[in-house]
Amino acid sequence: MNAALPVLLLLTSLVAATATFFLPQESHRLRNLLNLGGAVLKLGLIAFMLIQVVQGTIYETRLEFAPGLYLLLRVDALSLLFVSLSAFLWLLTTIYAIAYLGNKPDLSRFFGFFSLCVAATTGIALSGTLISFFIFFELLTLSTWPLVVHKQDAKSIAAGRSYLTYALPASALLLIAIVWLESTVGPVEFAMPADLRQLDDTSLRIIFALFIAGLGAKAALVPLHGWLPAAMAAPAPVSALLHAVAVVKAGAFGVMRIVLDVFGLDLMAELGLALPLALLASVTILWGSARALQQTEIKKRLAFSTVSQVSYIVLGIALASPFAVIGGLAHLVHQGLMKITLFFCAGIFDERAGITRVDQLDGIGARMPWASVCFSLGAIGMVGLPPTAGFITKIYLGIGAVQAGAPWVIAVLAASTLLNAAYFLPLVYRIWFLEPGAAITAGDAPTERPLGLIAPAVITAFASVAVGLLAAATFSPLGWATLIAEREYLR
Amino acid sequence: MILSLALVALVAVPLLAALLAVVVPRRGALIALLGVAGIATALVVLVPALVRQGVLSLSIGGWNAPLGITLRLDGLGLAFLSMVATVMAAVLVSARPQFAARAGSGETRSQWAFWPLALLLWSALNVAFLSRDLFNLYVALELLTVAAVALVAIEGKAGSLAAGLRYMMFALAGSLAYLLGVALLYAGHGTLDLTLLAAQGIGSGRSGGTAAADLIAAGLITAGLAVKTALFPFHAWLPPAHSGAPAPASAMLSALVPKASFLILIRLWFEALPELASPVLLTLLGALGAAAVLFGSVLALRQSRLKLIVAYSTVAQIGYLFLVFPLAGGDSFAQPWAAGAWTGAVFQALSHGLAKAAMFLCAGVWIIAVGHDRLDGMRGLATATPMTAFAFALAAVSLVGLPPSGGFTAKYLMLTSAFASGQVVWGAVLVVGGLLSAAYLYRPLALAFAKADTPTFAPVSRRLQLVPLLLALAAITLGLASQTPFSLIQIGRPASAVEGLE
Amino acid sequence: MITSATIFGLCGAALIGLGLYGFVTQVHLLRRLLAFNVIGSGIFLLFGATAARTPTGATDPVPQALIITGIVVALAATALGVGLVLAYVRISGKACLPEDADTIDGGPHPSSHEDPPE
Amino acid sequence: MIWASGPLLPLVALIWPLLLGVLASLPAIRPHALRLLPLAPLPALWLALTGVEGLTLAPNLLLGVMLAAGRPAALLLGMTAALWFAAALHAQGSMAGTRKPAVFSGFWCLTLAGNLGVFLAQDVVTFYVAFAAVSLSAYFLVVHEGTPAALRAGRVYAALAIVGEVCLLAAFVIGAASANGLLISDIRAALLSAPLGGVATVLLIAGFGIKAGLMPLHLWLPLAHPAAPTPASAVLSGAIVKAGIIGMMMFVPLATMAGSVLLVIGLGTAFVAALTGLRVRAPKAILAYSTISQMGLVIALVGAATQADGSDMAPAAFYAFHHGLAKGALFLSVALVALSTGRWRNAALVLVVLVALSVAGGPLTGGGLAKAMAKSGLGSLAEFALTISAATTTLLLGWFVHRLSASAGKAKASGGGRPTMLVVLPTVGLALAALVMPWWLWSEWSTLAPDYPLRLAAVWSALWPVVLGMGLIGVMAANRWPVGTLDEADPLPVARWLARQLSPLRAVPKHLARTRSLAADQIVATVHKGSRWLAQETGAMEGGFLRGQISGLAFLTFILLVAAVSVP
């Protein structure tokens, strides 16, 4: 039973994906049933496992490929953090996507790959070995491409090309790093850290750099972030997926695994790798924010904001002090909730009112109050204003920075907060305080319906506030991150 | 008894079917399917026996080597036989609409000739996989060449005739070199049986020094086989030949034909003359392989026709195979990583066969839909033929070496060996080659995904679309379920550590 | 001491050399086929010579069997080659491959790469 | 799972306004949302009047909420609640029929909750959340009118508020990390010895200084006060700025340089702001400068107390308490005067003068008491400065009264010039409270004798600066007030200068945009170029390989090579 559960978790979306591919365009109900059913089932499984894992259960499944090459699916606290986030957001994004796409063409292809993406993400979360991680990581790369190019216009194709241009060389580097490491120390399991000391320091440093470069393209670390803003050509649910549910998160999660489980915080410190990583993350945070400030397209601004925000996760891990690690772990969820809210809303603005640029937002608050409220909540969360989720992250990272003896990080956080405010608050201001421009004429008052479009945004928006307000609760992301950190890394 | 029958059937069934197809015109497709069934039955009988008893051999008519013909089935051979059977079944099924004679119309030459040629090719391949005698292998190779050349030229147009002739010239030169080498070897050792040659320990201290004749012979045989395998720089014949043939023929030519000569090379250097393989030789072969990877990939990037891209991809993919020599050959054969590299190369050959056949069949589907295979006509094909696009993408995944696929398993095994043995250069070739292949395979895929300007395509039957998908899925499955083939390949693998990498 | 086997062998080698020269330098397809057969004959001659080199002095029967088989195979290949050359000449009016055309008539020839398949 | 422990009243006092705020957003209630506002501060008022002992814990909220009503905080809490209550009543009258009442009410409640929270919070996270709530929600009160001036004021306000938040967050995380805990008292102690304590202290002073209008961080006040609706100005000036004061009281490390710095800057602010205020003309802007000036005095008092052991925050709290009530009354009276005519207007002006005298510290007024108490704890020089400040305050408020009496009324012709009681009562109530409450609380808060304010010395020391101020007023009036040339919208030339200096920074993003092509892009481009070249070259080679001669030669070479390199 325990061995079957991880596989079952994987299958909920894999089966949904496979079955969806073969559905004709017209069978909306069956397709929706499949996808929503899979998502609900997965959430149920996760809820069950959450309780079990708190009590100390570990689920493990091993699938042998070839000697030295096997898949290990392992459910521990860290994987549950990621998988519960992606499953929760998958459900919401599916609801949103059903409403968003309506009866547009190629729905079966879209939802098929969508579920496949989530299956890959689940696999990444559950991977117990480096090579399992790599396999699912690549599966994610591949299954995301059809989604990025879903619209099939020139812009989407270019975005897809840019995506692969970054993703494939990066995964080649990742593969080299894995093989280099494993050819000396044998297969690396996350739960049983191998003795990396069999390699000399220089090799280890190079391997680490390869890992970070390989994962950094997905995690959009500067200078490997170029694909992310280009990918905003994709439909809004895909952006939500890229930015919050799966892709970028997978990169950040990978960095976590590498730092925490493969190298370990002690070895990182010994090799002097923590500081460069923290510097890289800091540069990314500031660069992303500065670039976001220049964007006039809403989704591009959001994309650069992701570049900046995801590096908070990396920064927290790199700082390696208790609070910073917990903050980084929790931000995995926090950023997901906030960013998906923003993309949901940006999608609604685009789809229902044709708003894509910042200056078209003027006065939309009166016409689309719910979307505007959610967007505003997401925005203040991103700035890190209390009591939202982003605030909790900042507090933890800040305290962690001082603990780690890197007070300069506080300056980075402060500068980033100011920049975030500078590129998000004007949007909020436009939404609520400026008179509507020509973009929205009185005649065709945009509507936020159907419910499937707005409800997910409302849920995530309020969730992002709730996880901040109730941060100290046991099952809040922060509480869970604390559990992970205390159980695994800070003993 | 039944095993012997099955063993013989592997060679005889396609041969007889080919003859039958010559004699009974207009029924070629049916006969081919019967051949598929026969081979399938034989394989089903042989697999458990091989697992149970290890290597199976049969001396036909009781005549032993060196005079008689001995068929010997080991795990390596079986893996190739199975792959060939899978690909042939797919090719023959999807060739039916194109080459089956239609009621009411007369049979064209290509419709008449395709079936016997394909079956003959199959028979020759099976002989090449089962035989252990260098001269028998020569005959098999010649048979293969003749059938392949004829298939290239089957359309009878100037381009394909030229391609066929060029192919023939290269192949004949290779054959002669091979034959000369065989003659020299026989002159020196009095036998052509690989096992008996191995027993003589050529090149080791036991045989008392190395004769110049042996060196020349090895060079001639290797060169001949390299030409037939289209190893860089002897690959120039391949792209025009493979892209000029009709799609099902291309699938066979590209996926299967080079594998026969490669397998002989493997057998020669790993089983018969392991002690002759000096590090410099292994590096030379590896370097040519690496050059093939890079050169083929770059040229594939340059092409504006789908089938040429796929054909140049074959040049590159064959390059990977030759990396096995520096990684697993010679002294390093006893090293723990050698098993990984050797198995990796075999996996590469197998998965390339499946994926490449799938790709050419996809190209066939699209040629039916569009009328030509120029890239600029490919817009919108993903919407019109989603299954084919998916199949092409899956095949590309395997060729690029992305997980989970046979290509990935192969690449992973070889890469691990490269790092474990400290030969990082070959690892770099593998990685760079993977990236380049992603680049050249991306172009047609992205175009297929683009919106069509004028979405008018000829309809293609679902069955024709399904076949490449199944093949591509087989290439993927090879990676997902690589445990069984992995252990199967090790049966009868000579004198080395079988336990794999730890 | 020069035995007959040696003479046979040397003749074979000479034939191989001659044929090889022709095969490489000639661009006319029929000449190449002929060169192929010359080389083939040389190899068979050489092969035949090895039959005499058994330690016992008796004639080794194996090479003879192999030579006969080889001749048949070479014949089949030659037949196919001639057929192809004929068909090619009939269609294109040329007896050499496109890339070699300029060595005969000096003019550039379109690369076969760009030929449409249909 | 325990949700809360300890006395519930502090928690209720914070949650209740939030609930009302949510209630205000319900469609049925929206048009009448203003009516809810007076109810919002009632639990807090009750809490301040009765007092609650013990710590309230809500371990699941935020990072564990801790609330308590400490001694100086309770005084300010009561003042704040009373002021918000009076302003809410006033709003019923002065803001009837205003635009977007629901939005105004919602953010009013949120601001109120934050304002109360800063006095109750015992852990730094709760404090920060409350501070952010009061700071940022007040933005919506400032911009409520939606006029360009209001929006501009709002932008300046929001920018400074965000900068303040960032400063505080940085200071708080340093403190929390040093203290290894979230209790404010621990953090204050830890900052003394923490390696970054100095940096944190500077950040704290900057962050709280922005809120409290410490010069030169005061820029938002003269813009925001005139722009906001009158009740909002009243709470901004009376209560919200006190959030900065309480922050300084609770966080700034004791017995360090920080206290002296605060003392000096505070006194400087008091005088500079008073004199700058003479240059603006709008009554509410003048009041804003008065607030800055008065807050400077309070900060100086806090500094004096911090300089010592910090045990005696009472004078500062007491002064702030009185100022909150009095300044609230003054702001509300601006609307009162505007809404009334005839004798009602005159009566209102009399009330204004009385309260103004109290603010200036006239003898026997509440303000006089506060000042007397303040002087008792200061060194002689500071005491002298404080005394003199009464003169400048008198002068500034005289200018205010002058401008107010000169301002045009908005009252309707009918009704005999009597404004609605909803405006009158809160104003008068606050004014009386400002004049009387200090008497009532004197014995409880002051260490001086109960009859001290009545002694002649005390009366004299309070009287002469006020008289001096009045003399100055006379001189100014005689010269037809040769001041008041400063545009309210542009409070300080310094700000203009600063903006000019910083303007090149605006080009930074554009500059960044130009240097967009990062290494990765360059690499991609180079790879593209290289591969094109490679393809050309390989294409040429391929043509060679097709030829029989070349490939034949290669073939022979290969044979020989294999043979040669096979030599073991």
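Assorted remarks:
The first chain written gets the first letter, and so on, giving A, B, C and D; residue counts start at 1 in each chain.
Keep this in mind: contacts are C-beta pairs under 8 Å (C-beta built on N, C-alpha and C of every residue); 3 or more make two chains touch, one makes a residue touch a chain.
Note that the structure is a prediction, hence the values are computed from the model and not measured.
Comparing chain C-alpha centroids with the centroid of the full set of protein C-alpha atoms picks out A as the closest. Taking each chain's centre as the mean of its C-alpha atoms, subunit B lies 78 Å from subunit D. Mean C-alpha position of subunit A lies 43 Å from that of subunit B. Here the spacing of subunit A and subunit C, counted between their Cα centres, is 65 Å. Work out the mean CA point of subunit B and of subunit C, and you get 26 Å between them. For subunit C, the set of residues touching two or more other chains reads 23, 32, 97.
Residue positions of subunit A in touch with at least two other chains are not found. In subunit D, 546, 548, 552 are the positions where the chain touches two or more neighbouring chains simultaneously.
Taken together, the chains touch in the following pairs: A-B, A-D, B-C, B-D, C-D.
Taken together, the subunit A residues at the contact with subunit B in this complex read 21, 64-69, 105-106, 109, 131, 134-135, 138-139, 141-142, 146, 149, 152-154, 157, 160-161, 164, 168-169, 171-172, 175-176, 179-180, 182-184, 186. Across the interface of their complex, subunit C is touched by residues 543, 546-549, 552-553, 556 of subunit D. Listed in rising order, the residues of subunit C touching subunit B in the complex are 16, 23, 29, 32, 36, 39-40, 43, 46-47, 49-50, 53-54, 60-63, 65-66, 69-70, 73, 76-77, 80-81, 84-85, 87-88, 91-92, 97-98, 112-113, 115-118. Subunit D meets subunit A in the complex at residues 1, 59-64, 125, 128-129, 132-133, 136, 143, 146, 151, 154-155, 158, 162-163, 165-167, 169-170, 172-174, 176-178, 196, 199, 508-510, 512-513, 516, 518-521, 524. Listing the residues of subunit B that touch subunit C in their complex gives 66-67, 135, 138-139, 142-143, 145-146, 149-150, 153, 156-166, 168-169, 172-173, 175-176, 179-180, 183, 186-187, 190, 239-240, 243-244, 303, 305, 307-308, 367, 371-374.
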